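In the two complexes that follow, chain A is the common piece, with chain B as its partner first and chain C second.
This part shows the complex of A and B:
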């Protein structure tokens, strides 16, 4: 098979990346219209379900090696300070302590994760590795740090006032917004604010590093094993092949676990120095102080429209509370991309604050921006007297409004129609009632990327027992990607998905696979797995053709059998593979580039029905109808799980989750799960989930991503439902009893 | 978690001696361990009181006696309590999660520490922990109490509210007193909301008679497993209605049924809680039929 280098564009969470990548020629036939695709498109239980539920799954924190040292980090209690005294020698003298790193120390070729100028409460100052966790804690206590405490900034307004930006504010203009706004028949001004949401992955950030003469192995809870490998290799001046990253199972990441993080760098440096394996695991408190957050934002919109509800111009500003680091995510993307609007001015100011570095969090920027803009749009609908779904249809666009490029596929209008049907949208005004408990229904649109792209490689092997293995260079952060890989291979090989072993999460096994993020993973790897499986299928059928003297084109693989299309031959596939002895048949596959000149996006809409008790301020989400276009659905059971998870995480954002920073000390007061509330199973509403997208005609296999889409519109739909129920609009999330009662005049 | 010693004596005198020496008392440990983990009221030794034979529920005439180390789940499950003291059963069912109710004890629940994210902050030493500042009053006190004072944390015990309106008495190793007297405002000299002396611990709680009706209503931060933002208990004996609330003061607080928010002005940031208290008080009152 010939391979060639191609240039390809991939959109990663709003940023376009151009890459050169090596791809092989792919002669795998596409699915034919109406032809069976099973088990692709049929519900398949997660292949790791038993391991995860019985506890046999090994997470990074479970890795135990002989001679393992435990590391504990000293963190600043102050929001901004200078360390004036630190007794590293006292820590080193504590029995059981094997290695201590202080400020500025770390891998030779990377910035140190340890500082003597902590700029947030929770910043890492030193790390102690010892024989036991108790000894490491004692070592940390012996450091006896002293501080000069400095002033700090803990609110977006204060940061803006100081004009202290993490990056220069940006302005984006389309058309002539000033003229269009002043000429607009109707204008609406609306402001919204969202707090920092903390990831709270069930599995904390963790790394186990084992430095040996012949190389370094790091077990890392990471969403990107290959990025982790290059970070470690660069930091220690090693060749990539000398570094092996392993991530067998993950308990979530939600965007906060790209790369190896400071845990990986510090564990590796401690292991290098101590010549012992080292484990470094965040406590829940450390997770909530120093492992990232969805950025808080204040959004202001001025919308100009025609009397009949057509958008003429939008001026929008977003002030984003970045903390001490991170990347300003596209909070105003929904204004730019979801609807046709000829004139825009979008201003974004990423403000520095004395809080930890922010991190991507499931649909970063876009989810918060959807919360604001989709509610502002409802305010416009109300002002011009148009139904909220109708105003969205009216402003629908068939091309990307920024570039004019067509979409490869767009099922948004179909999503509105189906969601309205499923939710009973027509009867929404009858829900309200006039008693103490009011009800409401609200809608919001969803826009995200999700094309995936190269490089992504897969290998499929089959040996004499006909139990295939699929090897992919990715990691499964809990989304079920590995199960989807088994499903895809199963369709080509005619062997049940449950009998297929998927190897992932190990950089030493195969070449590059996608990061788990940006709704890109499955869309990237799916065609590569199918191509590799098809190659194996072709070889098996070729051997069978010789053995049974029937043309390969008249043979097929189904239910573990080789069958002739005329039904005369049914032989177990082991009749062929059994002859392999210790040999095997293998096939490789790679992901090709996305089409030029077109945008690949996912779309959808959700409708939320809520009840609000006007006496207690309690908001209950009763039902969420989620209808999305994600192209071909590989595993509807996994896809539904993703939607449930996204909706529930958004309910947390809408109703209860909020990092609270003490104005007096600048420290986080709810950095734990007692006061930082996430939803429990009792908060789960009825979720009606449907996918309306056709397989994308411009993508191999027609698969688009799903990780982000379900979390994007839920909170906005809840906000719109709450306004519908109360006749009062709440402008700040989360909608706690306090905010509801205050909005009602308490 | 910092290392500590653990004792599980079978003899009350031994337990009392350890406590007098500075150990902390443990029932199920559901509150204590989270405190020790953060260095709140630290101790080198923990005394588990569950081997002292203090568990069990006895119905006697009209009343009920509940041993201090009886689990909250056992209170929730007890048929007699469910039948005659529905408010107490509701309060037990409102505690934490099923796992926490299995572990948590009645005595521990009544003696748990206040809720306040400053009191529970590992890096701050607030007034109640012996420091100089009530950080809550100068900081973010959106969930705090409505009663003015040196400390605006809130009492979290659902059982305390339900038992207060039943005129419950508590028995300790040294004395017997009305439940209301177990609590008192902390002072500059004595930074504790409990009256227990060193070495003294709860052995039982007794309710003398069943009410004609009782209830407990709670508003939390989510549908389950949340400390009460406000919890209100009510009981009616003939025409006499008693009410008490948690989440509004740093002690479980009796309420005037005719003016439940009296003496609970709140601050700008907590004014919403007055409305919540009024709603729940009205609901509770309606539930006991007056």
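This part shows the complex of A and C:
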């Protein structure tokens, strides 16, 4: 097979990256209309289920090597300070302590993760590695730090007042917003605010590093093993192939675990110095102080529209509370991309605050911005007297409103129609009631990327026993990508997914696979796996053709058998593979580029039905209808689980989750799970989930991504449902009983 | 301190410092890493094990206080645990799986106590086990299905 280098554009969470990638010619036939695709499109349980339910699944925090040292970090208790005294030698003298790193120390070729000028409570100052966690804790205690405490900024308003920005504020203009706004027949002004949401992946950020003469191995709880590898290699001046990153099982990430993190850099440096393997695991509180958060934001919208509800102009401002790091997520993307609107002015100000660095959190920026804009749009609908779904249809766009490019596919109108039907939208006004408990129903649209793209490589092997393996250079953070890979290979090989082993999470096995993020993982790897499996299929059928003297084109693989199309031949596939001895048949596949000149996006619509107790202020989400266009659905069972997870995290965001910062000290007061509320099993509503289901005609296999889409519209739909129920609009999430009662004037 | 424990039916004699948690001893001294620690302060339920048949948070339980006790962890094998494993698999009662050991042990405790729980009883009994991936629907269905299959 010939390979070539191609230049390709990929959109990663709103940022366009141009890459050169090596792709092979792909002659895998596409699915034919109406032809069976099984098991693609049929529910398949996770292939890792046994490992996950017996406790044998090994996560990074479980990795224990002979001679393992445990590392503990000293973190600043102050929001902003200078370390005036630190006794590194006293820590080194503690029995069992093997290595101590202080401010400024770390890998030779990277900035130190340790500082003597901590700019947030939780900033890392020093790290101690010792024989036991107790000895490491004793070492940290012996550091006896003293601080000069400085002033701090803990709110977006204070940061803006000081004009302290992490990056320069940006302005994006389309058309002539000033003229269009002053000419508009109707205008609506609306403001919304959202808090910082904390990821709380149950497996904390963690790394185990083992520095040896012949190379460095790092077990890392990471969403991107290859990014982790390049970060480590660069930091230590190693060649990438001298570094091996392993992530066998991963306990969630939700965007906060790209790369190797300070844990990986510190564990590796400690291991290099101590010549022993080192484990560094965040505590829950460290996790919630220093491992990232969804950025809080304040959003203001001025919408100009025609009397019949057509958008003429939007001016929008987003102030984003960045903390001390991260990048400004596209909070105003929904204004820019969801509806047709000829005139825009979008201003974004990323404010620095004395809080930890922010990190991507499932649909970063877009979920917050959807919360604001989709509610502002409902305010417009109310003002012009149009049904909320109707105003969305009215402003629908068939082309990307910014570039004018067509979409590869867009099932949004179908999603509106189906969601309205499933939710009983027409009868929504009859829900409200006039007693103590009021009900409401609200809608919101979803827009995200999710094309995937190269580079992504897969290898499929089959040996004597006909139990295939699929090897991919990605990691499965819990989304079910590995199971989906088995499903895809199964379709080509005619061998049940449950009999296919998928190897992932190890940079030493195969070339680059996608990061688990941006809803790009499966959309990237799926065509590569299918191509590799098709190559193996072709070889098996070629051997069978010689063996049974039937043309390969008249043979097929099904249910573990080689069958002739006319039904005369049915032989187990081991009739062929059994002759392989110690050899195997292997096939490789790679992901080709996406079509030029077109935008690849996912779309959807959710409708939430809520009940609000006007006596207590408690809001209960009763039902969520979720209809998304993600192209072809590979595994409906895994897909439904993704939707459930997204919806539930959004319910947390809408009703209960909020990082609370003490304004007098600048420290986070709810960094533990006792006070930071996340949804439990008792908060789960009925969820009706469907997919538009049309394969994307311009993508190999027709698969788009799903990780982000389900979290995006839920909170906005809940907000709109609450306004529908109460006739009052709440402007700040989360919608706690206190805020509901205040809004009711109670 | 000398501590005798029967873990999943196997006797163990251990010498542990009095302040160490049962979770730590299971994971470190016995390399039984199926039991997970996600918060280490008794708020998430990931570390749930059975102590003499009762669901406890092993991160808040001193190993030294468990002398002569029977401990059941996710690594064990009983007909009920196997039924729950099958049901969690069939109903996709997990995503990342990190909370799964604790979910399974809470479910074992529930079904031993209440073999035919109502939906509300399942929700109450399992509400102390957080799942950040949001696999609760599958968990609830799995516990109900395992009860029915029993």
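As a working rule, the second predicted complex is superposed on the first by the 745 of 746 C-alpha atoms of A that agree within 3 Å, B and C clash if a C-alpha of one lies under 4 Å from a C-alpha of the other, contacts with A are read in each partner's own complex, and residues count from 1 in each chain.
Keep this in mind: a residue touches a chain if its C-beta (ideal position, glycine included) is under 8 Å from a C-beta of that chain, and two chains touch if they have at least 3 such contacts.
Treat the numbers as computed from the prediction; the structure is a model and nothing was measured.
S.K.: May I ask you to decide whether A:16 touches chain B, chain C, both, or neither, giving the answer as first, second, both or neither?
M.R.: neither
S.K.: Which chain, chain B or chain C, is in touch with more residues of chain A?
M.R.: Of chain B and chain C, more residues of chain A lie in contact with C.
S.K.: Identify the partner contact of A:679: answer first if only chain B is touched, second if only chain C is, both if each is, neither if none is.
M.R.: Touch status of A:679: both partners.
S.K.: After the superposition on A, what does A:252 contact: first (chain B), second (chain C), both or neither?
M.R.: second
S.K.: Per the contact definition in the header, classify A:553: touching chain B only (first), chain C only (second), both, or neither.
M.R.: Neither partner.
S.K.: Let me test your reading of the model: by the given contact rule, A:582 touches which partner, first (chain B), second (chain C), both or neither?
M.R.: neither
S.K.: Quick one: classify A:660 as touching chain B (first), chain C (second), both or neither.
M.R.: First partner only.
S.K.: Which holds for A:670: it touches chain B only (first), chain C only (second), both, or neither?
M.R.: In the superposition, A:670 contacts chain B only.
S.K.: Output the chain A positions appearing in both contact lists, the one against chain B and the one against chain C.
M.R.: Residues common to the chain A contacts of chain C and of chain B are 134, 674, 679-682, listed in rising order.
S.K.: In their shared complex, at which residues does chain C touch chain A?
M.R.: Listed in rising order, the residues are 17, 27-28, 31-41, 43-44, 46, 73-75, 84-85, 88-90, 92, 94-101, 104, 122-124, 126-140.
S.K.: Quick check on the complex: what are the chain A residues that touch chain C?
M.R.: Interface residues on the chain A side: 45-46, 48-59, 61-62, 64, 134, 199-204, 249-252, 254, 283-284, 477-480, 637-638, 640-641, 644-649, 672-674, 678-682, 684, 687.
S.K.: Spell out the residues on chain B that touch chain A in their complex, using ranges where they run on.
M.R.: Residue positions touching the partner: 2-3, 34, 97, 117-118, 120-124, 135, 138-140, 142-143, 219, 221-227, 229, 271-276, 279-280, 282-283.
S.K.: Residue numbers of chain A touching chain B in their complex, please.
M.R.: Within the complex, chain A touches chain B at residues 77, 121, 134, 137, 285, 615-618, 620, 655-656, 660-665, 667, 669-670, 674-675, 677, 679-683, 736-738, 741-742, 744, 746.
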